[in-house]
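Presented sequentially are two complexes of subunit A, the first with subunit B as partner and the second with subunit C.
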Partner chain A sequence: MTEPIISIRGVSKRFGGVTAIDNISLDIEAGEIFALLGPSGCGKSTLLRMLAGFEHPSDGSVLLDGKDLTRLPPNRRPINMVFQSYAVFPHMTVAKNVAYGLEMERTKRSEIRTRVAQALEQVQLEGLGDRRPDQLSGGQRQRVAVARALIKRPRVLLLDEPLSALDAKLRDAMRLELVKLQEMSGVTFIIVTHDQYEAMALADRIAVLENGCLRQVDTPRSLYNNPVDAFVADFIGNVHTFDVSKIDLVEGRMRVHADILGPLMIDKPIPEGLLPGVQTGRGRVLTIRPESIGIKTGETYVPGHLTVSGTMGDIAFQGQHSVVEIRINNSRSISAIVDDATARELDGLGHETTVHAHWAVADMHLLESSIN
Partner chain B sequence: MPGVHVAQKIEADTVRFGLLRRVRYEPFNYSRRWSLRTLFLIATVFLYAPIVVLVIFSFNDSRRGGNVIWKGFTTKYYSKAFQNDELMLAFANSLTIALVTMVLAVILGTLTAVLLWRFRFPFKPLVEGLVSLPIVIPEICMGVSLALFFSSMGWMKTGNLMWPLNLVNITIAHITFCFPFAAMVIRARLDSFNRETEEAARDLGASEWRVLKDILIPHMRPGIIAAALLAFTLSLDDFVITFFTSGPNTVTFPVKIYSMVRFSVTPEINAASTVLILMTLILTWLALRYQRALER
Partner chain C sequence: MQQRAGQRPAAFIATGLPGIGWLLAFFVAPLSIILLYSFGENVSLTQVETTGTLENYRRIFEPEILKLGWRSIRIAFISTLICLVIGFPMALVIATSSQRAKPWLLLLIMLPFWTNLLIRTYALLNILGTRGRLNELLVWLHGGMRQALDIIGLSEAGLLADRFTPITFLGTEGGVIYGIVYVSLPFAILPLYSVLERMDTSLLEASIDLGAGQWTTFRRVLLPLALPGVLTAAVITFIPALGQFLTPDLLGRGQVDMIANVIERQFKRANDWPFGSALSLTLLYVTFLLLTLRAFSDARRARRTENRG
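After this line comes the complex of A and B, so read on.
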C-alpha cells in the first residue's frame, strides 16, 4: 500500500456550540479523483476549507505526504483551490489572473510567460489572455480558475461544486474535461458536491457525509451495490425502504417482517448482536432500488421473487426508459424503471388497472435506517 | 359589426380634431410626456441659470456686479481678481486645505470602511453611528463646538504661525466632517466585494499585505476616487465650519468672497467664482475620464 497523499486524522470542527465536523478520519490516495458528497450542511465544504487552510480543526490533524500542515496558512500550502464562484480577479486580464500564483512565488518573467501560455492552452483558452473576466462566459471563467490553480503545480487541487453553476450541456463537457485534465496533470483532485451523479461520474472514490459524520468511503460501484445504511443507499441512486417490525432467527436464517411485505426469509449475513429468537427490528429497513423492480400484468410465479400488487399510477417518459408509479395503497406507492417497450405496453392499460411489481428477494438489502 | 366601426370613427375623429391625443408610450420613455419635459426644463433652469448668469456677468463692463444691465464685454475683472493679493491668498489657502483634507479624509475613510465592513467587535453599531454622526448634525453646531474646542485648547493662536501651519485648525475641522462621507462611499463599494477573490489570492500564495494591495484596494478604487472628489469639493466650498474655525490671518476663498460681498458686490467676485467653477468642472472631468480608462 502506498502512503496516502492526504491523511485526515480524527478531525472535528465546532463553531460555537454547533459541530460541523465530527471526528472524521480519511485517507486520500495520490492521483485519484476523490469526491466529498453529502446534502447541504453536512460539513463537506468545511472539510474542504480545512484542507485549503481557511478553517482550522478544533481537534485532530491534517497530513500531506506524512507532514502535519494543520496550522499552516493557505498561502504556504502546496494545495490550490477552484472556488464555487470561480473568484476570478475582475480587474486583471485572463493572463494576469493565471500568472498571479507564479508572481507570488517570484518566478522569472520569461518562465511565467511560457507557463501561462501552456496553462491557457491546457484549458483551451489560447488567444484569450488579453481578455477581461467580464468578457468571458461562465464556462470560460471556470477554465481561468482551473488554469490559475493548476499552474502552481499543486500536490492537490480542491474543487468546490465545480459543475453546479453550469448548464446541463456544458456540465457534461466540463466533466469530461476535468477527468482529462486530471489524467494529464496527474494532480490529485478533491471535489465537493451535493450531486450524486456528478460524484459518481467523476470520482474514483466517494466519501458520503451526513451531519458532519462520515458514513461510508468507497468506489461509486461499491457504494451503489453495498451501502452501509439507508442514507447512503438513498443518496447514491434512489431506493425504496420498508420499515422492519421484527426479525426471527429460524435455524440460522433470518425471517424479516417488514410493513407491507409480510414475513420474508432473507439470506444475508446476520447483523452483529442479533440473538436467536424474536428480535425487534426497530431501526432497520429493507431496501430495493427502482431499477431492480419488474412489472407484470398477470399473476405468474417467478422463483425467488416477491410480488406486490397495486394499481397503475403515472408514467414519466425519460427517453430510453420510463418511471412507472404503482399505488399499493392510499399512503404508499413505489416506482419502477422499465424499458420503452414495457412502458408502451403499460401505457395502454390506463389508470386503476391492477398490476404486479416483483423483484428478487436477493436484491434487497437489510440496512440500518438513517433516522436515528 | 357596425358598433366597432362607429367606435373607430369616433376615435379617429377625436384624434383628428385634437380632442383626445392617444399616444402610446414605450416603457420608460418618460421624455415623451410633456408634463415630465416641463418639469425637467424648470428644474434645469433653476439649477443652472444662476450659474450661467454669474459667468456671463463676470465679463460685464460695469462697476457693480449686481448690475443686471449689460454694459459691454471686458476681461479686466479677471486680471483684477488675479492681482488681488488677499483673494489669491484665500484661494491658495482653500486649495491647500482641500488637498490635505482630501488625502487624509480618504485614508481615514478607507480604514474606517474596511474596519466596519470586515470586523466584528463589541459596540459595533455604536461605532457605526458615531462615525456617521458628523453627516447628520447641523454644520452650525459642529462649527461652534469646534471653535470652542480649539479656543479652550489654546489652538486659536496657531493662526499666527507661518503658512501653511496656520491652516491646521481649519484642516482638522474639514477632515472631521469630510471623512465620514468618504467612509460611507467606500463602505458602499465594499458590499459588492466577493470574499472568495480574497481567499483565492491567499490560496495562490499572497500574504495579507499583497491581498490588500492586489485585490482589495483595486476593488475599492472607484469608491476611493469618488470619496476623494467628494472630500475635495466639500472642503473647497465649506463656509459655516470654516467661518467659525478661521482667524483674521487664515481666510479661505468662500469666507473671503463673503466678506467682499458684504463690502460691495463687484464683477471681480463673479470672475473669482467662475474660476472656481472651471476648476471643479476640470476635476470632475478628469475623474470621470480616469474611471472610464479603468473600466476599459
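After this line comes the complex of A and C, so read on.
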C-alpha cells in the first residue's frame, strides 16, 4: 500500500471540559473521496478544522505526506477548505474571490487571469466573473467557494457539509458534480456530512464518528454489510434491533435468546470473551435491515427463515418501493421495504389483518449495542 | 392588514400630534428664531432687529474666524482618527471575547457615560496638569529608566536627561485632543463593536485558509467589511467633537478656542446674538452635510444588496 496522504495519529481535542475528539487515528489515501460521517455534534467539524489548522490538537499529531503538520499555520498548509457557509467574500466580485488565493501566492497577473477563467469554467460559472456574490444563488456561491479553493491546487480539499444548505434537486446535481471535479482534479477530498446517503453516494471510504470517537472506517458497502456495532448499523441505513438476553453454546453453536424472537441458532463467529456454558447476552443485539424483511399473508414455511406475526399498520408510498409497518404488539412494530406490486396487494388487506414478517436468520447480525 | 397612514388622515394626525408638537416646540421654533437673528442687527443692548443683512455671514469669512474654524476641523479630525485607531482594536477584542465576558467589557466602556461630563473633565484637569498624575507617572518611568541604565552601565551615555521636564498638556491642542478622545471613545467603539460582532468569522478564516497573513486579512477582508461601522463611528465622533466647547474651555485654558467657544462668547460676553446665530447655523449646515454624505453611502450599499438575483 502507498503512503497515506493524511495520517491522523492519536488526535484528541478538548474544549475546556468537553472532549470533542477522543483519540482518533486515521489514514486517508491520496486521490480518494473520504467522508467523515456522524450525527450533529459528534466532532466532525472539529476534526476537519484541525486538518485545516484552525484548531490545534490537545494530543496527537497530523501528518501530510509523512511530515508533521501540527505546528504549521493554516496559511502555510497545502490544504484548502470549502466552508459550510461558503464564506464567499461579499465585497469582491466572483473573479476577485477566485483570484484571491493566487494573489496571496504572488502569481503573475496574466497567469491569474487564465487560471481564474479555467477555474470558473470548471465549475460552470463562465461569464459570471463580474457578478457580486449577492447576485448569485446558493448553489452558485458554493461553486465559487469550490473554485476559489481548487484554484490553489491543494493536496487536500476539505468540504464541511457541502450539500446541506442546498435544496434536494440541487443537492443531487451538485453531488455528481463534486465527484466529477474530484476525478478531474485528482485532489483528495475530505467531506464532512451527517447524511448517510450523501456519504454513501459520494465517498470511496467513510469514517463513522460518534461522540468524538471513531467507530469504524471502511467502504460504504462493507459498512453496510459488516457494521462493527449497532450504532454503525443504524447509521448506515436502518436496522431493527432485538435485545439479547442470553446466549448459550450448544455443541459449539450459539443459541441466542432475543426479545420477541425466542431462542435462535445463529451461525456467526462466536464473540471474543464468550465462554462455553450459559452466558448473559447483555449489551448485545440481533439486527435485521428493513430491506431484508419479506411479508406474506399465509403461514407458509420458508427454509432458513424465521417468522414474526403481527397486524398490518400504515403503508408509506415512496415511489419505487413502499415502507410497510407491521405491529407485533402494543409497544413494538417493525417496518419492511417491499416493491410496488406487493405494496398494492397489502394495501387491499386493510388495517388489523394478520400478516407474517419473515427474514433469513443468516441476514441477521449479532452486534454490540451502542453505548448510549 | 394595517391601513396606510395616508388613507386615514385623522388617525395619522392624532397619533402624530405629540411628535409634531415636540418638533415644533423644541426644534422648529428655536431654529426659526436663530435663523431670523442671523439676518439681524443689534439695535440696542437687548434688542435685535431682523433687517435682512448678510453682514453676519460675511463676518464668518474674516481670517480670525476662519482660523478658528479650521482649527476646530483639524482638532475634530485628529480626535476622530485617534478614536478610530484606538477604538477598532478595542471593539475587536470585545467582539471576539467570550459570551460571558462581553456584557462586562461593554459595561466598562459605557461606565464613563454615566458620570457627569463636567466632573470627568475636572478629573482630567487633575491628570493632565504640569504637576498632574500623568506627569508624575512619566517622572516615575523616567527615574526607573535611569536606574536601569545605571545598572547596565550606560548612565553616562547621555541617552536620558538628568531631570525630567514636565510636559505641558493644558492649554495645548494636544491636551484638548486628549480630552475629546477621552469623551468620544465610547461613541466610536459602539458602532465598531456592533459591525465586528456581526461579522462572519469564517470569512476571516477563509482568507487565512487561502494563504493570506493576518495583516492582509485585516486590510483586504476585515476592514472593507467593517467600513459601514467605521463611517458611523467617524461621523458620530466628528460631529460632537466639532461642536465641543467645555473641553477646549477647561483643558485648553482659553488658549485653544474652537468654534463653539466663539459662539458661546457671542451669546454671553460679546452680546452679539446675530453673529452667534449665523455661526451656529453654519456649524449646523456642516453637520447636515456630513450626515447627508453618510446617508448617501448607506443608500448605495443598500441598493447593491437589493440587486440579489
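The definition used in the following text is that the second predicted complex is superposed on the first by the 371 of 372 C-alpha atoms of A that agree within 3 Å, B and C clash if a C-alpha of one lies under 4 Å from a C-alpha of the other, contacts with A are read in each partner's own complex, and residues count from 1 in each chain.
In this section, a residue touches a chain if its C-beta (ideal position, glycine included) is under 8 Å from a C-beta of that chain, and two chains touch if they have at least 3 such contacts.
For clarity, every value in this text was computed on a predicted model and none was experimentally measured.
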| query | Given the superposition on subunit A, are subunit B and subunit C in a clash or a fit? | reply | clash
| request: Check the residue A:Leu349 against both partner chains and state whether it touches subunit B (first), subunit C (second), both, or neither. | output: neither
| query | Just subunit B (first), just subunit C (second), both, or neither: which does A:Ser85 touch? | reply | both
| message | If we overlay the two complexes on their shared chain A, which of subunit B and subunit C does A:Leu136 touch? Say first, second, both or neither. | response | second
| request: Using the superposition on chain A described above, determine whether A:Leu249 touches subunit B (first), subunit C (second), both, or neither. | output: neither
| query | Residue overlap on subunit A between the subunit B contact set and the subunit C contact set? | reply | 52, 54, 73-75, 80-81, 83-85, 87, 89-91, 100-101, 104-105, 145, 148-149, 152
| request: Note which residues of subunit A are touching subunit C in the complex, please. | output: 52, 54, 73-75, 80-81, 83-85, 87, 89-91, 100-101, 104-105, 131-132, 134-137, 145, 148-149, 152
| query | Within the complex, which stretch of subunit B touches subunit A? | reply | 194, 196-197, 199-207, 210, 214-215, 218-219, 294
| field | Residue numbers on subunit C that touch subunit A, as the complex places them | value | 200, 202-203, 205-213, 216, 220-221, 224-225, 304-305, 307-309
| Residues of subunit A touching subunit B in their complex? | 52-54, 73-76, 79-81, 83-85, 87-91, 100-101, 104-105, 145, 148-149, 152
